[in-house]
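Each structure below is given as structure tokens.
Both of the next two complexes hold chain A, though its partner changes from chain B to chain C.
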Partner chain A sequence: MARDLVRRLWSWEGLLLILLLVTLAYNVTRVTNFLTVSNQINLFQLGIEKAIVILAMAFVIISGEIDLSVASMMGLSAGVAAALFESGAPMPVAILVALGVGAGFGLLNGYFVAVVGLSSLAVTLAGYVGFRGLARLLVQDRSVGGFPDWFTNLGQRGMVGPLTLSIFIFAILAIVATVTLHFSGFGRLTYVIGNSAAVARFSGVSVARTKMVIFTISGLVSALAGVLMAARLGAVRASTAEGFELDIITVVLLGGVSIFGGVGSMIGVLLSTYLVLNLRNGLVIAGITGNTQTGIIGLLLILSVLLPNLAGRVRERLRRRQSDPSMRAPPADLSETARSQTAPG
Partner chain B sequence: MTDTILRRVRPEQFREVILLIVTVGLLGFFASQIPNYFDPRSVNRLTTGLAIPLVVAVGQVLVVITRNIDLSVSSIVGLSAYMVGTLLTRTDGLSPLAALAVAMSIGLVLGAINGLIVAYGGVPAVIATLGTLALYRVVLVEFSGARTVTTADLPDWLNDVPSATVVAAGGYDLRLMVGIALVVVILGQLTLRYLPFGRRLYAIGSNPEAARIAGLPAKRDVFTAFVICGTLSGLAGFMFLVRFGNITVTAAQGLELQVVAAVVVGGVNIFGGSGSMIGALLGVLLIETLQQSLLRWAGVSEFVKDAILGLLILIAVTADTIILSRLREMWVRVRRRDKAQAQERAQVVATGEGEMVHGA
Partner chain C sequence: MTALRGEELVQVKAVTALAPRLEARGAGAMAGSAIAAEYMLESAPPALDATRPVLEMDRVSKRFGATQALDDVSLALHRREIHALLGENGAGKSTLIKIMTGIQQQDSGEIRIDDEVVRIASSQDAQRLGVAAIYQEPMIFPDLSVAENIFIGHRNRGNIVDRRRMEQEAEEVLARLDMHLDVGEPARGLTLAEQQTVEIAKAISLDVRVLIMDEPTASLSAHEVRQLFRIVFALRQQGVAVLFISHRMEEVFEIADRVTILRDGRWISTTPRADLTPAMAIKRMVGREVQELFRRERREPGAVRLSVRDLRREGVFQDISFELRAGEVLGFAGLVGAHRTDVGLALFGIAPADGGAVDLDGVPVKLTNPHDAMRLGIAYSTEDRRQLGLIMPLSIAANVSLPSLTRYLSPGGLVRRGAERAAAETFRQRLSIRAPSVDTPASSLSGGNQQKVVISKWLDTNPKVLILDEPTRGIDVGSKIEVHQLVDDLAAKGMAIILISSDLPEVLAMSDRILVMREGRQMAIFDHGDATQERVLSAAMGQSGDLFPDDEGLDRAAAAEAIAVIDQLVAGATVPDGANS
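After this line comes the complex of A and B, so read on.
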């Protein structure tokens, strides 16, 4: 019983839970009323757009790819909506076009990755530069605002009590993402492809189609997050959401998703989302500014891949020593394959 | 006809030729659009602009050939520029060479951190250097306390360096900084081509598994590539300080994208295993020309710059995958056929039958 508990806590999610409790404890002792409902909602509200994109990014990384273009896509969709509104289009139309642009470019990313067979790193790096470039072209160095009241209210006022539309959307998407990833055929396909695209192809799985769907969703969800951000801030600049990809990818990897694909759970990702929101809040309390926070997130990003790697290597070495004491130095190739297969948690 | 060409030119060289043609065409186009395009002043400005991205690109090529990437270069450039700038404002009589050495040492240490995390920690390079890109920049922000290094505080010799000229002909100067950059490119090319270390980088990049099984010190070499990349970024940081004088905490931000774009456009395969310094040189030239010329070309907003950069990366990578892989196949086929024919001919001679077999 006790041993079982210990083992459970040793899993990656358990580690996250401990980290979360420590951070929460710190925040609670430093700030009165930290755990009140309104404060917790406020906490979510400040990072809600990132949290939404994180859900889609989990699918991308579990399928063995990466999407560096999400933050630029958020900026582009916000820019498209703002520019259209500015030139006289009704706001609902502007929003729909922005979402369409997101889905379209997401599909394009997916096409180049899945059909043409380019590395997603290169394709989405092009998107990272290119989408931001298009946003600059649309918004230039202005700040576009003056949106209709109903639109900014969506982002800023609570719909039910203090809960804003963004929080509702996040909650619904989180449930949909969890169910899809863990209880649907599509989710299983995502894991299979992430473990080995070749195996998936030989098993008759349409790898290309699945990847294209994932990238399209990633683009669409990023565009949605961009529009929501425009509503919350009430103004759009070309630099909207710049640098968000760092946070988004960090949270997903910290949540126990393997950067090599095929491993991870939505529970872990949600836990790490909440952890990072709390961490940022705690850093603010401790008087650490935005820039330094970014550095800490960067460090967290590296550690969230480095630590499982090192832990896996140590575990492998211990196990080999136990099973075969004559074998002193493990051959390099074995530890290497073990590393790429070791899953955090 | 195509066979004869294929016998003489490697597919990778095709790419460099195409790139050269595109760049020359672009120069011709802008010359017809912008008055006085080739007057000494603007040419000098263009070539001076090449120096910094070129030095960083040489390091980046080494890293990308091993199937890795270094996104943190811009933060290394900014950090070393700022630190050496501060050092120069605080200590009198620091010699230029000492300042240069400090800048390169800073780059070396930061590059070594990247190398450790990637080569020995097993963290994918994108993740590791995306992290250090943020981390090094924060070190700079913390270190600076949001102050700016200004030209006025820097020693006088520093202001003379940017206009120092190696050779001048009819108003066209070869600036010292450009000269240094070209020397770095040549050294880089020689390393890739003739040193065992350079050859190993290709082997590691084209098949890491095979390289390790063959007993190549893959981890050490990847580590070294990152260290060199960091050191060169430190050198570029020194050049940045010399060129601009005023160093803010955002110095060189975004340079990593320009360099990665240049390297990829220059035909260095993002999957590792192929590419050359000459290609990277052409890539830097193409992108710098495009960016500077667009700024001067009336009727184009400066905001179009990034959109074009993104498009260029995509075109380059797609062209590499689609066109080059086809060319490579053709090249291999011709080679194989030639070899088979040569063998057949040798057999015919050996068995003493006088008749020659006709080539296809």
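After this line comes the complex of A and C, so read on.
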């Protein structure tokens, strides 16, 4: 058992957990009542829209693509909802149209990537510029507000017990994303395509359809996050959520997802989401400001790329050293001995 | 006359396709010998024993893992000689060239240039020693001028390029080849043949003494081939030793002074061209002992499953027509570049055909993407299992279920792991995949077991037509026999199978009929009883198929040999040593 636990910790998720515990310990000792529900809710509220988009971004990156347009889409959907409301549409209609715009443009991204065959980096960079531009056309340099109370309450008051609607939605989506990625056929195809789109194609898998679904979800979830952000802030500017895309991608990569696709787990992504929230909080307590904070998170990101690489090499070296005599035994025997050794302990 | 005799062996369709080619070749050969004669009058090649070889490979061996690519091969190239190298796929030609040009190093044996032992450790070494190679696809920088391309390998020309001088020298070099190109123009606009000329000019400018030409004619038109041969003769006259590799037998017999034949990594013979006939050459290329041959029971095939008429893809293959019946194994034979795999890819919808018709069970079908092809009941097991066959980090079970994943989903879209593992476990036992469990990642399996996983994933789709592309390439002898057994079992159960294989004995042993391709064309379809290694290889190399018109004795001898080996196998239940090496 003990050995199993060690082996499990000796993975990226394990390292993330240790880092998280260290950061948590620091926060707990420095802030009274840090672990109370209301404090934790405040902590989450600060980055909840990013956290929601992170879940979708994990699918995009594991499938071997990238979506740089998510933050611009958040701004656009908030802008669409605000502009429609301003011109007299009922708020629920405005919200639905904003979500529709997100899904539609997501599908368009997916079409250009999966069917036309363009690079997702280029396509979604165009989205990054284009969606923000549309938001500017709609909102210009104003700040649109005056939403109905029920809408702003969604973002600010506890709706489900003490949880705000955003946190509740995040919790539900986190469970759905975890189950989908790790246990569903769709999640399987996401990994398969990220590992090798060629093998997927040669196995009769509809690679294009799967990718289009992923980009559509990314657009839809970003639009949802944009609407939730409008509710929380109570006002919408053209610059809403500007620059969020890099934070979002950073957290996903820090969670152990490979930028080349095919590798990563939702547990890692959730751990890294909570770690970054705590880390930023702790750094603020320690009096470390914006740019230095970003630098520290950047350093972590570099480590997240380097460490698994190094660990892999060390493990390979160890395996080779051990394998020469032992690998001659049939593998079945190996697992037998392994089992008998772990049983008493 | 030729065509008439060929009719005994080759199906009528193949013969009619051949007839015009034969005439064309006759005319071409005459023109070629005229050119040859012209040069030989000026300077006939000197008697070989009068000169020492320029380059000598002495008992060179090279091993890749379990494969002995070259085994004690010796080869001597003389000044003013065009030396042809012949051999089947995997005979060791490519390895030999790579060693001569410093891309790979021999494990043992030595290379001598002008009687001095040399080490060719890099392509720079090869260049310094005057050994150069040109390939089917020239390596040209399209944005540089012709002159710049010719002199790109020169390092000691100072820092400032004197463009005028360079262009003048480039023209001089090309003139030595009797070629005239605008040397100031970018190479982009050149035809393939002109690009090859530039490559040759590049070699000459570096004082080449040994020029290796690896299938230089494969993508050239007949006229361009003539032009290239003129250049080759010019090079010989200037004292260069040319090593010429081609799968076109008629070209070899047209220009070679001597012919060396390799088989299974071993040197078989080096003979002056005059002492060799195409029939002799082919016999030597295939004259291996018959071993590890699988004996299939011949059964009466069922109804026509797949009917293919005039299938073609522009610039890749054309006029492919055949019928495939339930329970039948149709072998696809041919040399590298025959485009057999492309026919398989077209039938699986990955690289769809642009013309022709395909019927499946009598119903016309459109095969435009692999997903649809799979749903219609066509499966294609790739020749490149590492890059295209398996998701390496995923388990055996996940790889097996991939094509038919929808069958393993619950109504909520979740993967039913239990059902998935059970299915994989069935295949693990049926195909004896050696792995601790079906959770083992595909990456940790041996080549043979990976191949079985690839086949399993297609069997799991329950296909009507199974296309196996090189199912036994690079796998151990034990697995190979198991794959053969499996193919036989599947056929017995009524599956229609296309077996694409470069392993000629395998195709002969496993197939009910054999379709032979050459450079994208269907050359012949042989029935099992009529097919011999010699006949298939003749067709694959563009011979008319009349080289062995009534060589009954040959068949009988081969059959007797095969039966002896099989009896030995069955009796001893062991595999002969060194098989597949």
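Operating definition for what follows: the second predicted complex is superposed on the first by the 288 of 345 C-alpha atoms of A that agree within 3 Å, B and C clash if a C-alpha of one lies under 4 Å from a C-alpha of the other, contacts with A are read in each partner's own complex, and residues count from 1 in each chain.
Methods note: a residue touches a chain if its C-beta (ideal position, glycine included) is under 8 Å from a C-beta of that chain, and two chains touch if they have at least 3 such contacts.
Quick caveat: nothing in here was measured; it's all calculated off a predicted structure.
Enquirer: With the two structures laid over each other on chain A, which partner does A:188 touch: chain B (first), chain C (second), both, or neither?
Expert: It touches chain C, and chain B stays clear.
Enquirer: May I ask you to decide whether A:201 touches chain B, chain C, both, or neither, giving the answer as first, second, both or neither?
Expert: Only chain C; A:201 stays clear of chain B.
Enquirer: Which partner does A:280 reach: the first (chain B), the second (chain C), both, or neither?
Expert: So A:280 meets neither chain B nor chain C here.
Enquirer: Taking the superposition as given, does A:237 touch the first partner, chain B, the second, chain C, both, or neither?
Expert: In the superposed model, A:237 contacts neither chain B nor chain C.
Enquirer: Looking at the overlay, does A:211 come into contact with chain B only (first), chain C only (second), both, or neither?
Expert: A:211 contacts neither chain B nor chain C.
Enquirer: Go through the superposed model and pick first if A:50 touches only chain B, second if only chain C, both, or neither.
Expert: It touches nothing on chain B or chain C.
Enquirer: What's your read, chain B or chain C touching more residues of chain A?
Expert: Chain A has more residues touched by B than by the other partner.
Enquirer: Using the superposition on A, tell me which residues of chain A are in contact with chain B and, in the other complex, with chain C.
Expert: 332
Enquirer: For chain B, which residues count as touching chain A in their complex?
Expert: Chain B reaches chain A through residues 69, 117, 121-124, 126-128, 130-135, 137-139, 141-142, 212-213, 257, 260-261, 264, 270-271, 301, 303-311, 313-314, 317-318, 321-322.
Enquirer: How about chain C: which of its residues touch chain A in the complex?
Expert: Contact set of chain C toward chain A: 350, 370-371, 373-375, 380, 382, 387-394, 398, 402-403, 405-406, 408-409, 412-415, 435-436, 457, 461.
Enquirer: Show which residues of chain A lie in contact with chain C when the two form their complex.
Expert: Those in contact with chain C are residues 179, 183-186, 188-189, 191-192, 195-196, 198-206, 262-263, 331-332, 334-335.
Enquirer: Spell out the part of chain A that touches chain B in their complex, as residue ranges.
Expert: Contacts found on chain A: 66, 68, 112, 116-119, 121-123, 125-134, 136-137, 140-141, 238, 245-246, 249, 253, 259-260, 291-292, 294-299, 301-302, 305-306, 309-310, 313, 332-333, 336, 339.
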